[in-house]
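Okay, structure first, notes after.
Chain IDs A, B, C and D follow the sequence of writing; residue 1 opens each chain.
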Amino acid sequence: MSRELLTADDVKGAWAIVPTPAKQGASDWRATNTVDVDETARMVDGLIKAGVDGILSMGTLGEAATMTYDEKLVFMQTLVDTAAGRVPVFVGTTCINTRDTVALTRKAVDIGATGTMLGIPMWCAPSVDVAVQFYKDVSEAVPDINVAIYANPEAFKFDFPRNFWAQVAEIPQVVTAKYIGVATLLPDLAAIKGRIKLLPIDFDYYGAARMDDSINAFWTSGAVCHPLVSTTLRDLVAQARESGDWSQAKAFMGRLGPTAATLFPNGSFKEFSTYNIALEKARMTAGGWMDAGPCRPPYHLCPEPYLEGARKSGRMWAELGKALENEA
Amino acid sequence: MSRELLTADDVKGAWAIVPTPAKQGASDWRATNTVDVDETARMVDGLIKAGVDGILSMGTLGEAATMTYDEKLVFMQTLVDTAAGRVPVFVGTTCINTRDTVALTRKAVDIGATGTMLGIPMWCAPSVDVAVQFYKDVSEAVPDINVAIYANPEAFKFDFPRNFWAQVAEIPQVVTAKYIGVATLLPDLAAIKGRIKLLPIDFDYYGAARMDDSINAFWTSGAVCHPLVSTTLRDLVAQARESGDWSQAKAFMGRLGPTAATLFPNGSFKEFSTYNIALEKARMTAGGWMDAGPCRPPYHLCPEPYLEGARKSGRMWAELGKALENEA
Amino acid sequence: MSRELLTADDVKGAWAIVPTPAKQGASDWRATNTVDVDETARMVDGLIKAGVDGILSMGTLGEAATMTYDEKLVFMQTLVDTAAGRVPVFVGTTCINTRDTVALTRKAVDIGATGTMLGIPMWCAPSVDVAVQFYKDVSEAVPDINVAIYANPEAFKFDFPRNFWAQVAEIPQVVTAKYIGVATLLPDLAAIKGRIKLLPIDFDYYGAARMDDSINAFWTSGAVCHPLVSTTLRDLVAQARESGDWSQAKAFMGRLGPTAATLFPNGSFKEFSTYNIALEKARMTAGGWMDAGPCRPPYHLCPEPYLEGARKSGRMWAELGKALENEA
Amino acid sequence: MSRELLTADDVKGAWAIVPTPAKQGASDWRATNTVDVDETARMVDGLIKAGVDGILSMGTLGEAATMTYDEKLVFMQTLVDTAAGRVPVFVGTTCINTRDTVALTRKAVDIGATGTMLGIPMWCAPSVDVAVQFYKDVSEAVPDINVAIYANPEAFKFDFPRNFWAQVAEIPQVVTAKYIGVATLLPDLAAIKGRIKLLPIDFDYYGAARMDDSINAFWTSGAVCHPLVSTTLRDLVAQARESGDWSQAKAFMGRLGPTAATLFPNGSFKEFSTYNIALEKARMTAGGWMDAGPCRPPYHLCPEPYLEGARKSGRMWAELGKALENEA
């Protein structure tokens, strides 16, 4: 039985990107059944109660690479059951080929996920043709799934050029995208003709929203450090757009921006990409709002100074959240 | 029950890298059970009868990325049964994390594979620590497997530096490596202290063998275009080393080298990496000695001019093979 | 005798980047005295009469690399004499070391140039320390010069990171910058604390101006295709900022943006950088408003299809200018 | 009056690459007349008496980028006068365009230099066409000069592909090349058909010489740390080639190779390229055989730990030289 698909307009506000909480010992290759189901449920329920507008999961920091198949099913089920239809839940079904992706995406639909945050098989660098056909094939095979393009150039060896966006915008299931940067935002928006809601990262949301009025949603991995920061960002931008006065939103960015300073080792995105999972999980746990747990192998090793930078970023985010609580 | 491991010295001569032959229709995402078992058996038996010294499989062109789990089991079983102990058979068990790799590698041992040609999980670019620990973990988890390091920088986002080689050389199961290039061959040989047999590609074998006397084996994807070319290369280098007269081996390279000219689109290795699978399978089938069949999705799309370059390369290799038959 | 320096606030509006018009035969290594002085004077006077707010010259497309020392002096003198103080004139004094740059910059001051659009010696990729010290040294040596940082990553092998901007902002002479992209615009603006006026390219000006209210100037190489396009862009953004209604400015970008489509060969900035000079000069001459003349060696060779794309871009810009004339 | 050109066969043995010794204070932008003429003469005379076969100069570490025009003339004259025809002297005349290069190369001929070690104008990344035409133009303009292609990919933004080599091999003046790496040595040798003597770096000479019998010369920046190391390398390879027994040459590489370990910061060639000049000069002076003096601006800044690695490399080289003296 078919269900109704989302449209780009349905995607609004603050979309939290969540980790896959892990039990102690999960860094050992002998570990099985590593999903911390209780913490997962607590996290999702807490985010929804805090007012986030959607859930994205099982991307890079969500450890889609390192969860076993069985763990993925358990985690997806927990997300869907906890959300219970209150907000859209996108899981991640990226595999290293089309057929495995189709099979897992069908499972996601069976379990009740709203959509998939879907990257591209990453063994070979895809051509534009290969990338587009992949999204077409999965969408044809699983017509009931909503698709968020997961536009991560480092993970998927692909620079997501304009002619890619123009083509995937023609696929009805593709409604949103975890987008990166603002360098090509305006031309990419021109290419997609309103058919995909592009989500910038929280740190870019202010700038992106000012550049184009269609930008009214963003992804936020900081939400699990303290959700109030993410929802405040959302609300200040909405108010600014209504009033035409961006000064408060800009002032808020002056408080939010510095929390990112220590997240990127030596300021390098490439270096960050190598340790992404460990850094993001360390940052999240340091926020104190949740416990992301250890990283699954092989991505459990990270230089301690890098981790400390990430933790500092998480603590700063949480402090900003607490300050906002007091200001309210 | 434990079995005896190989040593670096056991790895000699021409090691054929084979494709995973596919049935018609295998490019469709609906296809299942795509392994052409008969052609697989014919290919392996033919290579062994032609005198190759080992089999490497299920790397990039062997479509490890795009075979389903069940297909991998079928293919491995066919390789092992056909080889029947006549030559070592390395399969590929690279997955996108440590635990899945361990599980598949154990299956490979159960099936009777000699070893695994093992790459590194490729979602994130690994640090040296992550890469080394991955090989340690798999070797600890599956002590009966022989490991060939699969040193492909484009696939695995890793440049395989000297301190990587120095560390994996300490792992007893690591006995050989599908190596790439000769730029750092001598320092890498110094780092591994004779514990790993480095296999250059056939096109580099002459130069590598001249550079260092320990180089007495190579990998050859051209073997399935016409095995006599690969075994002739092996034998001419062996004779040269014995006699000290390299003129015949060098003259042979003058015939072999030009067959590679059209394999790399616009001479670019990066571009080749994007279309590696389609190009290699087209080249192999064009050789006329076997039928590699179509490519599995999503890597089944490739510009026709690139494919034609690859086919030309395969035909030239086969023609050289036929000329050698006549000269014999 | 010292003169008063500009401040960041003095830099406003449309700053035209101009070529160095060349006489016929200038592509031959035997050519001398290649500057087309008459066309240079006509171009500068025309731009000023058309209302541009400043002149930038002798960057990459201005052939700073390929003009002889004597030609540089002649060209600078012509610019200064023609402008006659009506608008600021920045020349380019980038050499491959500090001492030659100092010497040429002193000449520029003697001739009467307002400032230098100054890149970094490009033989070696500079560290941040080297880059910052270079700007400090030149500014110390030539205290009367105004400096525009010429932030071209391909030419100068430098990615102009945030800590570079924070440091050069402390140098009094550094008042503006030919900036590239908008990816890091907001954090870079935070780093410079209002001390440098960042100039985005015309194609990015709308987006950059929306992102931050401090952006009220831009560089435009299209101005010499038809200056009215550049001044219209300037005026529409100014009106939008005043009224709060950006719809007309956005609609104008919908007409301007497509003129860039064919300028970048295969959409690649890297490829564009290789042929930058030939492409820009072909585009400019194709606009019909001026004659940029041939390119000086060795950068006079460019594939014809690339040139045709550039010419099309110039013609489209000129057509937009003519349409604006009729709409006025 | 025309003189006879060299041929590729005339280029043999150990070619020392020399720095441009600088007087104290040369790092200051106010410094003029910075060439330490006495040390230059002592260095060249010492190298020739120690038995080197040729002199290469004024490349990257030779500070071609940062010497003034007048300093270049003084330095070239000193080299030529000191060598006094005992060995060929190649100076560097690379400028940022064709015409300035022609002018400086003519001066080099007037002064009596044997040849120019010539790189490519480096403001824009050259296409193959641009690079080839540049060498053609300079050779046409200065028919009496011998040309050594200066194949430095980082400096000249060019990867020196096979079709470049095939084309420059047709230019009579091009007789040799400062070559880098061995990755593409055999195919490049095939492309040049014996018309250019490719010089690998000293550290690659053993491997390159084993790969191909035509390799009987190399460049060596270590020569000025202690020339006996370079000439010993030359002689051991020559003896091995004659006798067919490479064991002594290989054993020598086991002593020479480790001296390079600390020269490359964090083992990175890219990082080395940024600090090339400072690192090489520090290494040379640390050898104790000569005093290279300070670096000219802007390339005089380098992190101290990197410098210490370079100095260690120089000391190790010198210690090897002293050990060889004792063994003699």
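In this text, contacts are C-beta pairs under 8 Å (C-beta built on N, C-alpha and C of every residue); 3 or more make two chains touch, one makes a residue touch a chain.
Keep in mind that this is a model prediction, so the values were computed, not measured.
S.K.: Looking at C-D, A-B or B-D, which pair matches A-C on over half of its contact pairs by residue number?
M.R.: B-D
S.K.: How many Å are there between the centre of chain A and the centre of chain B, using C-alpha atoms for each centre?
M.R.: 37
S.K.: If you average the Cα atoms of chain B and of chain D to get two centres, how far apart are those centres in Å?
M.R.: Taking the mean C-alpha position of each chain, the two centres sit 39 Å apart.
S.K.: Whole-Å distance, chain A centre to chain D centre, using C-alpha means?
M.R.: 52
S.K.: Quick one: which residues in chain B touch 2 or more of the other chains?
M.R.: Residues of chain B never touch two or more of the other chains.
S.K.: Viewed as a graph of touching chains, is the assembly arranged as a line, ring, star, complete set, or other?
M.R.: ring
S.K.: Could you please write down every pair of chains that are in touch?
M.R.: A-B, A-C, B-D, C-D
S.K.: Give the list of chain C residues in touch with chain A in this complex.
M.R.: Chain C residues touching chain A: 161-163, 181-183, 185-187, 190, 206-207, 210-212, 244, 253-254, 257, 267.
S.K.: Spell out the residues on chain D that touch chain C in their complex, using ranges where they run on.
M.R.: For chain D paired with chain C, touching residues are 29-32, 60, 64-68, 96-100, 102, 120-127, 129-131, 133-134, 137-138, 140-141, 154-155, 157, 270, 273-277, 296-299, 301-302.
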